[in-house]
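Two complexes, one shared chain (chain A), two partners (chain B, chain C).
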Partner chain A sequence: MTALSRDAIRTMMAEVLQAQGKAMPVDDGANLEQIGFRSLDFSELALRVEDEIGEELNFDAPELRQIATISDVLDFLEQLQAA
Partner chain B sequence: MSDKTEPIGPATVVVVSGGSRGLGLAIVEDILAKGAKVAAFARTVTPELEALAAAHPDRVLAASVDVTDVKAINSFLKETEARLGPIDALVNNAAMGQDSLHVHTSPEQIAKIIETNLTAPLLLARAVLRRIMAKGNRGRIVMVTSVCAQRGYSGLVAYSATKGGLDSAMRTLAREMHGRALVNSVAPGFFASEMSSVLGQTQLDTITRRTPSGRLVEPENIVPVVRTLLFDDTNINGQVITVDGGNSI
Partner chain C sequence: MSGAPASFPGAGNRIITRSFDGSWADLGRLDLPAASAVLVRDNHDAARAVWTAATDGLELLVASRTRVTDDLAQSLRDSGLAVVDGDSVAAPTSERAAVPGRIWLLTSGSTGRPKQVAHTLGSLTTVAGDQPRRTWLCPYAHGAYAWWQVVTLGIAHPGQDILFIEPDELETWPARALQVGVTAASGTPTFWRQALYRDPDSVAALPLEQVTLGGEPVDQAILTRLTEMFPAARVSWIYASSEAGASIAVHDGLAGFPESWLGQESAGRATLTVDDGELLIASPKRGEGIDTVLRTGDRVEVVDGRVLITGRIASDEINVGGAKASASNVRDVLQAHPAVAWAAVRGRKAPIVGSIVTADVVLSGEATVADLTEWCSARLPDYAVPRRVRFLDQIPIKETLKSDV
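Showing the complex of A and B:
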């Protein structure tokens, strides 16, 4: 498996938001609720990452509930790939 | 701007499991008549389904796939998207029947019924939803369950458990897929054709008399309900629609 870089995941996240007419803030500390990035948007992003790396990234819902910022999203997907 | 609270559009590419005969085939024909594309599979492809695929090569994909074969299912879904375009709907119709008292049904047979009627449809719905979501799309899922999930019928213990399980999963999926998918069940009563193969004419007459609509269910009664759930903007979500002539009320 070739893990995706943080920058590549960030670009994909921007694409998910863009498809909904939303903009990706520059600040990675931005709150997900405020930018309208919901849990199913995270699922969509995770599935896009899976497509790229060719491996499933399954996880439990409580882990997802800890995610509040863009930075959290990127951290979590980096950790999932490393696991 | 794509607002996720907008109505989910009508289905354009529909996967139908168990689409080679009976209700499944009738659903396939109806989807075609609505102008959508359809990818149907079953363990055995019947001449009727083959003829449809031959007549509409750009709109119908038919294949012999066992619903419990996860690898074959995933290949079929990939081929569907390559041939017909992105999948946005599923009719989870394939199932096996039962006609044996629970105490006389082998553990192996119970496991087989659960694998075919519950595990396989859940995995198929998972695979289809993953494809829909990965593309940022939205879609519709219809589970074909049974009135057995709501009422007790002798000889159908494991079968009823799987259909009840599927109805429960359907409700949870409808909530979980918030704004991304409409998920519903259609629960037919016993088809006249099925019943006539195991019951005598006197029993059939009695059941028919006790059915408030005065007639037993036919596949043609189910098809319009599936059509509505696939194509219409009704906002029906997370529901079991029972079609049994009122027999279970």
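Showing the complex of A and C:
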């Protein structure tokens, strides 16, 4: 498996938002609720990552924690790839 | 018709296969045991088996050789049928008396393991009354219920000729049909979509008077396309299965059937009801031993006075974070897009929301994922809009002429 870089995941996240007619803020500290990035969008992003790396992500592996910002999403998906 | 048995008015009809062109009566006969499952290589084999069994009053099952695994062959022998494969005859492993005139059909079964449903030539003959002279295209898999419907039409009614198409001729059939003079054709929506996608000009050149669809949910988009392509033809859709028999026939060019048909009882016709969104059928043409009122497992919804059959209940519902998306509904929305030739929709396991809606799409024109997303967003709730769309080069089709999605 070739893990995706944080930048690549960020680009994908921007694509998910764009498909919903929303813009990706420059600031990774932006709140997900405020930018309209919902659980369905997160699921789509996870599947995009899976399709790109050709492997299913194991969501049971990392510790669950609050995901509130863009940075949280990127951290989480980076961690999942390493799990 | 000279020499045709009186009980088979269609004996003199012309049938055309890849290796035969003549009448039923000219086919020649097979040397068959009193009860047999005949594994056929092509429609010539199949037609000969049918004609032999019909005229001799034998018990028969017809199936493509490619469909019958060793396990299935063994279970057929265990059920009292000799398995005939070319010159090879494997005797039944259980002794019982043959049932003259019994016709067995194989269904896919709810578990995926084929099961046998009992019919007779009479129960499989679902068209009554005088019929206009026609040459039918029969592209169905050997021994399938729809195949038998065309075959019994050809045996029971004079003037009903048949051009049989083998599975490997599905890409080239329009030229053959034009050459033979086909005027009526029956196929699944996937069959028609594939034909119109591959070679619409050749299909449009056919002098069709009757266009029939069945075997899968029939949506308005494909009915409209065919109605526009063949303005002089009657475009019909039929609901039929091995278990339920031929139960619904609609000829007005619209998807679904009139709501007023629900609950109507009429001699010789199926009674249709709906329970908890499921279609229930009581049909005089049902298979033997099938419940009088059959729960079909097909989901229906009533829209603007029409009862639409949308898909299988078991596979239709996609749970997206607790919201229920209908795969068939999403598929119909996609297939109504002017640049979409075919679509299949399913759920895909996804984190957090459990599953999300995904789609495979074959385009007939220019469209991007963003175009399709916008189209669906305007017509579907948010959770039902496909989040992953994959473009395919070809419309996938199985020997059943279905996409099985």
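In this text, the second predicted complex is superposed on the first by the 76 of 83 C-alpha atoms of A that agree within 3 Å, B and C clash if a C-alpha of one lies under 4 Å from a C-alpha of the other, contacts with A are read in each partner's own complex, and residues count from 1 in each chain.
In the analysis below, a residue touches a chain if its C-beta (ideal position, glycine included) is under 8 Å from a C-beta of that chain, and two chains touch if they have at least 3 such contacts.
Since this is a predicted model, take the numbers as computed values, not measurements.
Annotation for the three-chain superposition on chain A: chain B and chain C clash.
Looking at the shared chain after the overlay, A:S5 reaches neither chain B nor chain C. When the two structures are aligned on the shared chain, A:L57 is found in touch with chain C, with no touch to chain B.
In the superposed model, A:L47 lies in contact with both chain B and chain C. In the superposition on chain A, no contact is made by A:Q79 with either chain B or chain C. In the superposition on chain A, A:N31 makes contact with neither chain B nor chain C.
The residues of chain A shared by its contacts with chain B and with chain C are 19, 40, 43-44, 47-48, 51. Contact residues on chain A toward chain C in their complex (touch as defined above): 19, 39-40, 42-44, 46-48, 51, 57, 59.
By the touch rule above, chain B contacts chain A in their complex via residues 1-4, 130, 133-134, 136, 177-180.
Across the complex, chain B is touched by residues 16, 19-21, 38, 40, 43-44, 47-48, 50-51 of chain A. Contact residues on chain C toward chain A in their complex (touch as defined above): 320-321, 348, 350-353, 356, 369-370, 373, 382-383, 387-388.
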